[in-house]
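The chains carry the letters A, B and C, assigned in the order they are written, with residues numbered from 1 in each.
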């Protein structure tokens, strides 16, 4: 059974239809990159998957949860679906450790010892063990984003969403975040990522989806799609170089 | 529980209420004009006069802002006659309101003046304007536009605080209410009516000041809005 | 005629104690009400939002004096007969609640909405989001204006004599009626108010500066 199923999803903001019937299916362990110009609806699609935006019609099923408006169902879904944002969104009043341990304690009700072990573990995964007691403000952007990834991992999600996670970073800091994501992909995590990093999509993602004007314009294995784009829009997009 | 409301006796005193409304409006309007004038004078002194004058202005503002309006009113109404300055309750009320509003408005307008860029002043001086002219034309006008929302709130608060003048038997709206209450023994009904009148007056004043602001400062939308807050007297 | 001597001075000082107690109680009750109103004001239900907004608009658009009268006579109309101190505190709390609600709503809204998104994405309930993520950040922002409002509250306690309670201002009036030395009496009263309010004003300004200096994000 696929980990993510999106069927004919429509989403409007007022008069502006951002998603015009999007369908997509992601197998467990697959890494899917979503590329496209700003305004193509790629971030909205990602945010619909964990219910940050509610689509007006269509059906979304993630990690066995069917998306609906019920806050209880939504919380159950979000225990299994992590998201990492462009602007990190760490909680500035909590230390790195507290940021990571908050949700496992509150949402999953795990015991203190177990949570601490978990936090140490995920922090090691992103290579920031020594920052357990630091505050987010004292970390670089790249470090903050890695903590944000660790915070999501601590919920032991089945699916991870990445929303342009390197776009706010200085070029020299994007590498350290991409390395962490690549490790995750290798470890078999199911990942959907909206990205401007074409090399990352080409080399790490199994499948790349090109969105254009609210629709999936073209998709295929990353190798094929980048080597031989079929539509003029994608060719244009890839050759423009600036995304 | 006796939840029987009877407004008839209160309506019989309509004339008193109308007189009260007129006095509240009159006191507030006069205090707004005079208080703003006082504030402009004080801000001007702070900007243009020697430093020790500015410190006096600061002291005045802090004194007024950190003591209750009621006590200021009492000092004027009970104290000044001892110095041979006899005045009616309404006059004492107007004086107290002017002095109080003057202090608050000084603080607000000064925030606007402080936000003037130095280059603006230098440009004015370079055009051979006097310091007073620069203050009047280059500094004060945009300052007013910037702080108009805060100033408007302060004006509304002053109108509401004019009710405290009833403590020295001025028969503005609240004073009228006290008289009606003592005549009709219909306390709750009286205060419901008077409260609604205040509500209407406050909303009317608020929207008039908004309109006036648009009329006075048509180009204010280009200016940064300052985060200045009005303070209850 | 009595003169303004030691016993009168002691009477005024004791009454200043009542002013402080009145402020503390009104702030406590008003704070609880105001906190609830602030949350209602930001609730997801439009009806609740509008009710809270209406309450706040009305209270902020009528004189504190009228708030006092209405709460006082309103209470007695419902057969609730409180001793003057409690009646005065309750009435001031009504006034206090509207202003605190507005201050705190602003503070809560000053927390970036991404904090709501991030915490809800971590499967926290709305109550948990408030308790662990939003409020700790909002409290910092709310401190300077809240302390500033305390000054307004202290000053406004001066008018509760209308519901029959003797606090600092009323004590001053009583002493003045007995001694007829208004300058002396009200100067002393004003100084006491100033000694309470001025440090609070400075504290509020200081907190604001500290916050601007150490602003995060």
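Here, contacts are C-beta pairs under 8 Å (C-beta built on N, C-alpha and C of every residue); 3 or more make two chains touch, one makes a residue touch a chain.
Quick caveat, the model's predicted, so the values are computed rather than measured.
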Make each chain a node and each touching pair an edge, then name the shape: line, ring, star, complete, other.
line
When you take the mean of every protein CA atom shown, which chain's own CA mean is nearest to it?
C
Maximum distance between Cα centroids and chain B occurs for chain A
Where are there more C-beta contacts: B-C or A-C?
B-C
The distance between the C-alpha centres of chain A and chain B, rounded to whole Å, is 55
Per the C-alpha centroid definition, the whole-Å distance linking chain B and chain C comes out as 21
Distance between chain centroids, defined by C-alpha means - chain A, chain C (Å):
46
Provide the list of chain B residues touching at least two other chains, using ranges where the numbers run on.
none
Contact footprint of chain A on chain C as seen in their complex
114-115, 117-126, 128, 132-133, 136-137, 140, 216-217
Okay, in this complex, where on chain C does chain B touch?
58, 61-66, 69-70, 73-74, 77-79, 99, 145, 148, 151-152, 155-156, 158-159, 169, 172-173, 176, 182-183, 186-187, 189-190, 193-194, 197-198, 201
Would you tell me which residues of chain A are touching chain C in their complex?
50, 52, 71, 75-76, 78-79, 82-83, 85, 87, 89-93, 102-103, 106-108, 137, 151-152, 155
For the complex, give me every residue of chain B touching chain C.
1-3, 62-63, 65-72, 74-75, 78-79, 82, 156, 160-164, 166-167, 174, 177, 187-188, 191-192, 194-195, 198-199, 202-203, 206, 229, 231-233
